[in-house]
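Same chain, two partners: chain A is paired with chain B first, then with chain C.
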Partner chain A sequence: MDKITVQGQTPPSNSNPAARAFRNPYIRYILFGVVIALLPLLAKSGVMPSSFLVNLGGVLIYSIVALGLNLLLGYSGLISLGTAGFMGLGAYISGYLSGTVGLPFLLTVLIAIAAAAVIGVLVGFVSLRVAGIYLAIATLCVSEILRKTFEELDQFTGGFSGLTAGYPTLFGFKLSREATFVLLTAALVLVMMLTHNLVNGQMGRALHAMRGSEVAAQAMGVYLLKYRLIVFAIASAYAALGGALYMHFIKFSYPAVWILTLSLNILAVVVIGGLRSIYGTVIGALIVFAVPDLLLKRIPVIGGIDGIAYIFTGVLIILVVMFYPSGVVGIGHDIKRLISRGRKGGAGNG
Partner chain B sequence: MSTFLQVFLRSLETGGVYALAALGIIIIFRTSNITHFAQGSMGMFNTFVVATLVANAKLPLWLATLCGLCTAIVLGCLVDFVIIRRAKKVSPVAKQIITLGLIMVFVGLAPMIFGVDPLKLPRFIESGDLDIFGAHLTYNGLFNMVLGVALMLILFYVLQKTKMGIAIRTTASNEPVARLMGVPTRNVTLFAWALAACLGCLSGVMIAPTTSVTPNVMDPVQVNALIACVLGGFQTFYGPVLGAYIIAVGTNLLSFYVDSTWGGQLMYLLVLVFIVFRPQGLVGKKFIKKV
Partner chain C sequence: MAKATHSGAALADGLVLDIHDLSIQFGGLKAVEALSFHVKEQEIFGLIGPNGAGKTTAFNCITQFYHPDRGQVVFRARDGRVLDLVGLPVHDIIRLGLVRTFQNVEVIKELTLIDNVLIGAHTDFKATILEQALRLPRARREEREMRAKAVRALEFMGIAHLKDAPAGGQPYGVLKKVEMARTLMAQPKLIILDEPAAGLNDSETAELAETIRRMRDEYRCTILLVEHDMRLVMNICDRICAISFGQFLACGTPGEIQGNKLVQEAYLGEEEPE
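Take a look at the complex of A and B:
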């Protein structure tokens, strides 16, 4: 966890070439990925219980999904509560096609992403007509329709009893749990880079303008329809990618997973981590999905109580929203500023 | 004809449950400007109180329900007092997230206090069938329907005719101006949260006998109540009630006459199409955004 925050900050020196390379955001994303990909080694050597890997893999998956929601909520100001439905869609399509039909893993992921993107585009059309909380509940409607479809189409999804899948097979190799974890890391790094490019390019500026004022954005020549459709398609595609990876890492999926609570959790990831922050989203996912299971359950007396994890996350969400509305990603920066201000004050007095 | 009537009466019963929950959501939305995602969870928690009192303390159901309403009032006031009142400056989206935090707190507290075993809740009236033109309706169903409608009528009377109702409507239409006019808006929101918690508790007690009391007993009620609010529009108090009945009747009729497995999805799809063509809801007024 320390490593993540350290890499999220700007390094002090810029003269030597290593430090200059370190300032390159892409190299930082790759370094971040390498550090995470080394975690299975820790588990193998016994420093970290290997059951942690499942939780941390989940964090990587939810980070991918939450990055998509961050594009919607953070950059474009559009609320969506349909994340769980799209994630489930990706999971079931990929799981069914690779299991029953026997297509290669990567192809099933691509099909899942394409299918979700198409539905995402349709939601994008809806988003032109309705805004705010109406849009949130319209997307909730879509998610509920998808979830009920998962329940009813039991020849594809296994109905209430669920669908199982194995670890993915890549280019003829059957991956182990550790190798799948590395695959998840690679996917997350790719998604982070893609998101970085999207939001720092022309599209990012268009989205910022759209969030500020739709009318002003239109007056500046931003074609609302195009960007709404693109951003909804991308968010749905990320969710489907996350779902497909979930299916092949957790290896089990049933309709009761893809409910409103999951969408709300992912919303919490974005808000706790920090709107419009890529690393913040990952930190948020870590706090919401891993801290309760990994830390709290290990504290002797409190850890034994049922439901303590939920209460912890709930209280944390409320506290962050009320007292730290820009998300926990800003904490490091703020502490730094406090320290430097303290130093300056000291120098002025002396 | 008798089957149609039967389906229709059943849906009126579930519609009443959705309508009570939706009324709670809309009252919170209008007075505190928060979409209350935790309406179902708070209802679930208080339903657990009722079920535990019935199962362990052997209280009669009506007395247990009264106790449940009391805890609902306490909890509602507590939530407003401790959290919502202090979050005035938080952005609108972040406010919704607060209620999401509340869901987690209540879902976590319930097994901690009441244990992990699902509880059974009896009906208000255990047995007896009514025969209306060949359609069967249990006395309990009739009681739920009448109770729901009576509560809503009382509530609308309070909203329209009493001083408190005027205060609520003023706060709903413009909170800062209401405060300037001397309306005690703090008490109004306090009352609104207590009322919403009570409505949630009642809808929980009504829906619980059909399943068992578990931490997610209220999930479908929550989702349908939210969709009912959108269908009816967030601008009036009676719109969501109308929306709730339409959703319940529509879902049941579509499941019965069109397709038993796809009825629910079809209804949601229709609602979606409706929102696209009429974004402000059934009885809402359209707001024109000024630049």
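Take a look at the complex of A and C:
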């Protein structure tokens, strides 16, 4: 994974065309997606247990959701503990519309995204009045209201017993688990590219300015309300997209999934992976949502501890905040620097 | 954008800013009281006063960070319109061509110098968020043009070689230059510099004086300087307005201000009657 931690635009040099192409961020995103999309083959050929695919698919979904939170927390300096609610909203809307109503999968995803974006805009209005811990509480409340709604509207959501859905149908083809995994990958790569474009342009700079100093941002002509509404709408839309994909990949949703714990885990993804880092967010999702299930639970003794995942995530957050405030992507940069320093030192001695 | 109530203000030829009867009070404290002065096109104008004189308050009233209780701030915008700024939203001020720097430099540490400078062009981007997300031709073209413009602004400040370095960790003097380069991105008509010499040593201050003159001459803009450093003010200002305790003391050339009894008293205290 080390090659993908290289981020941002590196200065151009006169190396061969392949290296130059690799430096193009879009080509890197696509290559990254192709590599991930090949994982089902590994599972098919038996190199990797096929149950891993469900976990890794979850990682892709949570990466999409966490990219939205990274826009809020990393770029704009706005906190949200409401992620789970918006994810659940996307899951139920897409699940109900595709299952009971029978709308096409893609249309249900679009409706889910639009609905979440509208509610996100409302939260954006709140964010202009309250900040910091109060914003965290306000977003948590929105999420809890949504969860309560999922419980109560049981003719749509199935209440406590939950809602089921099948793998998505695209253009008349019913997708298999492996094909759905590829679809998740495509969605993630698309979201990564959109996010890349947004954060590296005028809007990204406005979000940076807003986080840095509201006063300076306003003096530079940044209309705070507009950008708060937009960034909350985008983050909610990403969460709803993730939720809709979850519904059609995990195939099951019940209210107890969309709780504070999930929002906190997604917050952990952003903090551990790296604030303001797109690849870091994916690495963070891998660490928080895959490592405990795929690795820790297989270790004797430690794997038997109840709630090992929470302990692992908690300890990691503390370590990252203390030693790598910019997230684990910072470790990659440090290793690269060490290697290049080692090379220089070796050359000097020899 | 300006509402109908803000148009129709009058401004004499050759003036860019006319402050009339500006007053604001916080609780019982009259921070600025009936302040009037005007600034001519392409002059370097100094606003001076002892600590707590209300310089910063006055200038926050001009840029609409504070909305004054009374008075007018008539401004000739970069498109030639004449309007009263009072009551306009803060974020609408810069697109009229009125841009400011900050006393304690406001740059974003995580961004490169050129990205910091590009923030100054924020209101001149026309591409929508959707065009930016999909990198459609207009968004790409704008970004390219603005980047070239930002490079020119950094070259003007003599720090173009640092354009891709992150702002965090740069020396204070460089960050000050980044802030000034940022003002040049806004097609400025009037640049307000808030204590630009604070924290600079003698040679840096001399360089700053030269830079401010060049900004005025090459970008054909007006400079309003709010400053503590008397040598800088006396050296570069065409005219100076002195205030004390929120009230107007005197306005004139550096020589006139230096010789003014009221100004001397405000800075040095009254002479004891014998």
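General remarks:
In this text, the second predicted complex is superposed on the first by the 323 of 350 C-alpha atoms of A that agree within 3 Å, B and C clash if a C-alpha of one lies under 4 Å from a C-alpha of the other, contacts with A are read in each partner's own complex, and residues count from 1 in each chain.
One rule holds in what follows: a residue touches a chain if its C-beta (ideal position, glycine included) is under 8 Å from a C-beta of that chain, and two chains touch if they have at least 3 such contacts.
Worth saying up front: this structure is predicted, and the values here are computed from it rather than measured.
Overlaying the two complexes via chain A leaves chain B and chain C side by side, clear of any clash.
Residue contacts after overlaying the shared chain place A:Val315 against chain B, while chain C stays out of touching range. Of the two partner chains, chain C is the only one touched by A:Met203; chain B is not. Applying the stated contact rule after C-alpha superposition, one finds that A:Leu295 touches neither chain B nor chain C. Of the two partner chains, chain B and chain C are each touched by A:Ser213. Of the two partner chains placed around the shared chain by superposition, chain C is the only one that A:Val222 touches, whereas chain B remains out of contact.
Which of chain B and chain C touches more residues of chain A is settled by the count: it is B. Within the superposed three-chain model, A:Leu194 lies in touch with chain C and out of touch with chain B [touch as defined at top]. For the pair chain B and chain C, the minimum alpha-carbon spacing after aligning on chain A is 9 Å.
Overlaid on A, the two complexes show chain B and chain C touching the same residues of chain A, namely 213, 215-216. Within the complex formed with chain B, the residues of chain A that make contact are 73, 79, 125-126, 129-131, 133-134, 136-138, 140-142, 144-145, 148-149, 152, 213-216, 259-261, 264, 267-268, 271, 305-318, 321-322, 325. Taken in their complex, chain A has these residues touching chain C: 11, 194, 197-198, 201-203, 205-206, 208-209, 211-213, 215-224, 230, 276. Those residues of chain C that touch chain A in the complex are listed here as 63, 65, 89-95, 99-100, 102, 106-111, 115, 118-120, 122-123, 125, 127, 129, 132-135, 139, 142-143, 164, 182, 186.
Within the complex, the chain B residues that touch chain A are 29, 35, 37, 83, 86-87, 90-91, 93-98, 100-112, 116, 219, 222-223, 226-227, 229-230, 234, 261-262, 264-265, 268-269, 271-272, 275-277, 279, 281, 289, 291.
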